[in-house]
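Following this line, the structures themselves.
Each of the next two complexes has chain A plus one more chain, namely chain B in the first and chain C in the second.
And now, the complex of A and B:
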């Protein structure tokens, strides 16, 4: 490949200003998160406890990994993957199926993640070769896939003595072991999209598909990589999910879809593609994962959670859109 | 009917009858009619004569009447280029508010008014986010979908206990409303006749009045519409209000029909209705295309399929899979005809 990498193609000063913009997003999100924690502590001093920490970190595991997958799709210009929870559940169910057949753990993990990857390949075939908009593709495959899961699997029981269940319940360096894949993926995604040539290609394709095509990047290959990659990340979430869910139900995905999209939008990812920071995503996942626990401490029933999260998403997308309008100066 | 659809597909120049046939079969109208013929044919072959008994036809029409009303109102926002995903949750919210007010001794008409006004209020919030701030309609209304469903559950949980132990539904029998939703003229439910009349009226508004042309213009090319001096913002805002109005009416009608207001009412309804409308020629990604008649046929296709699933005792979730794949096929055919392809 002789063409220039996208990072060199961009004007250096632009990249610097983008970095400072992400820093502002991260600081604002951190401030909001700390504010939430502080008012919760003022309200009930026992908020800062081991139980809260454990609840928040467990919330972060799944939402965090799915948000990285979703952020991957958004930043690469794939709009949104509305079927990412199906990728997660395919993997979780496959783990149960293969475990019951007595496969050894590394093999069953790899094969079940590959199953999610096949699902992502199916999505990308519809997007790339039939040229259907990803939003419609993933809406349809998410819906149909959910239907297939409901018909094929009524529920999946994870053996509490299995190493998968051990992984979900144990702790490592003070955090739940299940928290670490999310943290490592965040760091990995940050460096991948910032410094690797392949990662910069995703950003380029997301920011301006036509000019990246003119530079010699294959749009088709990038789209396939995006949707397969997002499904595989969804599959990793599926392993973690199987780890701490004794009984997996096919409709479990609906709970995660909204916080995941909200986290990505709050973190400043532009739904138009090409813009976003995975470090900011980590902070926004942390903030959103704290809300349910904080609500309980404020004496609100947990059903308030969906109401509040829904309106946080509306506010977040409004702010995001407003920011773009201001930048473009319509 | 077929004459109307041929007109839709054909262009100004004179064509031979064979050309016209080919054109009408490959046009959007042709796809819809073909789809409808296939699904009715399948039903006739698989279920047999029962498909055409007046009772079965009544079942199909009664199943689709309320979704049709909701869909027709929602089609205004699709036409203006803003998709409102919150309609399913809005149906549940309206039903729960209506039942909550009635149970607390408020007059039925005033309760209905309260439910409609609150839904319009949330429709206005969608409108402010999308029109004023320019938020992505899908992301913003996805937020209100989840938020409003949460609100419906909160209201339902706080409803006074009425004997039944479940908090998942507010039981409420409004006799007049129930009689109205269940009444029928021979094999046609009255609600269906009203919905069909609404289809024709909307078709007239969309295709013949200045307002209808304005909505299509805003959805088709917003920059051109703005330059032509149309109040694009106001049109988009009003179309979002129209879709929440339709959903709130639908919710109240469901309470009359079901005799209770379940919080799960309308779950996935946004998906089914938009899939049906897209099968009927609308698009959730660009405005300005589609017409109410096509939307009606799209909803009819899904209703006949749901009836088929019901009659054969199949898993009801098979319908989800069918709708998902049908949506992909229809959108693909649209792209082959020159619709909006992705890249």
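And now, the complex of A and C:
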């Protein structure tokens, strides 16, 4: 541990350069976001309204939480968790099951999220002990998990009179109530990865697993914590999803994967692991969530967002690939 | 010679008798009509019937003294193809098919055509298969007219916005159903301005229709009285929720299609009604064609959704009326007791 602590003090310049890079990413994203808002206002002055604000912040809720979970996996070197929407749906379905059995709300939320955590544990067992590529594992468990949900549940109906349904439509301090978990998770993730030792272990493992191992960090433990943690975060998205969606279908997660990955890559998270800012991720989610609303103001259907998000993803991945090549070339 | 003559007469008599007996015997030995059923696939009632079996088809076959064989297509294309081989092996006389993986239907169709097995398909058209489905245009018009009456009563036919939650992927079905709803609505309120109708892609799912509707509402900030029509209940409910999410200033009401979210005690308060299709009772209609096939007088092939072999009559119900209709499992049991009826005749409010 002493060795680890001392090694940490050897890299302040690297951390400083990373911080300035993150700041630059945030500023660029903010500039692009503001530009989008400005041209939308020029197009139609009523773009700046309470309804637009609500629409955008509601758009952010689920995508934002899932992006934090995905960012957690990416930053820790797990590449991507393609089953994170299954974690979300497991929680949503379990909420319905426990609610119908008369459980009280706090208990059903906790147990439902833990169910998602068990799914993450299953993922990590396959990744760590069977040494299968995380991308393949989560792709497979994503399909298999969706299939199991289809067989077991077919669909889940949320009671419109329940507190979960109320959570999905109410407001708190001017924002949708469902927006706050995403905002708090963003702040929590930022401080966790920047200031806690455990958080920096994830960054270290993601950036350079061999050096981390040499420093005494257990790669297995970190990988397990990564997938369990990501699934739990996915489970938190499941609460919001249950609040938004009175009829839960096992295939509903498919609509979130593209914007979530686009948000993570656009925020500058390296798919090679070890780098990324959760504050930049917040801005990235905000920008991507504004696009569909702005499109409608421009007279286009919000369905165009898929095309635009895909396009942005290609650009962002290309920039990341260029950055990796550049770093390797040094 | 006389002996030979009498023998010849006897022989002729025996042969003559045999000539009558043989066809009679062969008719008795002919295999019984065998009804085969392959359901299952996408989530929903027809998908669930693939797992649990189809009691209506089974009861109808039993009543007619037919043999019966059923398999589940699950949500799996290879299973559906493998099932086609089983159907051929079983020497089925006719097949009721619902396959949620229609991309393999041409392959299945070839196998079944080779074995000369006629097919009745539910809701998914395939050339050469009798199409059985809901009368989508009538369903749309009935739902739209019902919502129109409410709009006339409550808003004097002056909604600020009419959200059309389409599912363009459903092609002609969406055009007839959602388009029919607009037509039905206009039949009651003909003076609603064209600009107030806002079509959008809702994909028949809450997860898609809700954010899309939110964005449209944001882009129309002065609109507060919102009417919603759509391809199905989910697409409509997603839009109704979007209005509630944006604030208490909105007044919204919608009328759905398919009845998926109108029954039971978890009904959205702004979903004022829906159109029931009673999918779980489709097989009761299928016997119209099956009986003809069994009598060797198969009807003329009508294999398209536009020109179907059998049209199922839609049943518009208000949210209050829907409370009096039992859930699908109870309805199935009731119909299985007398498969000569239809769920429409038993449950649709007069």
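Just so it is clear, the second predicted complex is superposed on the first by the 316 of 330 C-alpha atoms of A that agree within 3 Å, B and C clash if a C-alpha of one lies under 4 Å from a C-alpha of the other, contacts with A are read in each partner's own complex, and residues count from 1 in each chain.
Basically, a residue touches a chain if its C-beta (ideal position, glycine included) is under 8 Å from a C-beta of that chain, and two chains touch if they have at least 3 such contacts.
As the structure is a computational prediction, the values presented were derived from the model and not from experiment.
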item: Simultaneous placement of chain C and chain B on chain A, clash or fit; value: clash
item: Chain A: partner with more touched residues, chain B or chain C; value: B
item: Touching partner for A:49 - first (chain B), second (chain C), both, neither; value: second
item: Touched partner set for A:59, first chain B, second chain C, both or neither; value: second
item: Partner chain(s) touched by A:290 [first = chain B, second = chain C, both, neither]; value: neither
item: Partner chain(s) touched by A:226 [first = chain B, second = chain C, both, neither]; value: neither
item: Touched partner set for A:249, first chain B, second chain C, both or neither; value: second
item: Touching partner for A:212 - first (chain B), second (chain C), both, neither; value: neither
item: Partner chain(s) touched by A:138 [first = chain B, second = chain C, both, neither]; value: neither
item: First (chain B), second (chain C), both or neither touched by A:258; value: first
item: Contacts of A:124 with chain B and chain C, given as first, second, both or neither; value: neither
item: Segment of chain C that clashes with chain B, given the candidates 165-173, 219-227, 255-263 or 291-299; value: 165-173
item: Set of chain A residues, in rising order, touched by both chain B and chain C; value: 147, 150, 301, 303
item: Residues of chain B defined as touching chain A within the complex; value: 125-126, 128-129, 133-136, 138-140, 142-151, 153-154, 157, 268, 271, 275, 278, 284-285, 315, 317-321, 323-325, 327-328, 331-332, 335, 340-343
item: Residues of chain C defined as touching chain A within the complex; value: 43-44, 47-48, 75, 200-201, 205-208, 210-212, 214-219, 221, 233-234, 237-238, 241, 244-247, 260-261, 264-269
item: Contact footprint of chain C on chain A as seen in their complex; value: 44, 46, 49-52, 54-55, 58-59, 147, 150, 154-155, 157-160, 168-169, 171, 176, 244-247, 249-252, 255, 292-293, 295-297, 301-303
item: Contact set on chain A toward chain B in their complex; value: 80, 126-127, 130-137, 139-141, 143-148, 150-151, 209, 219, 223, 258, 261-262, 265, 271, 301, 303-315, 317-322, 324-325
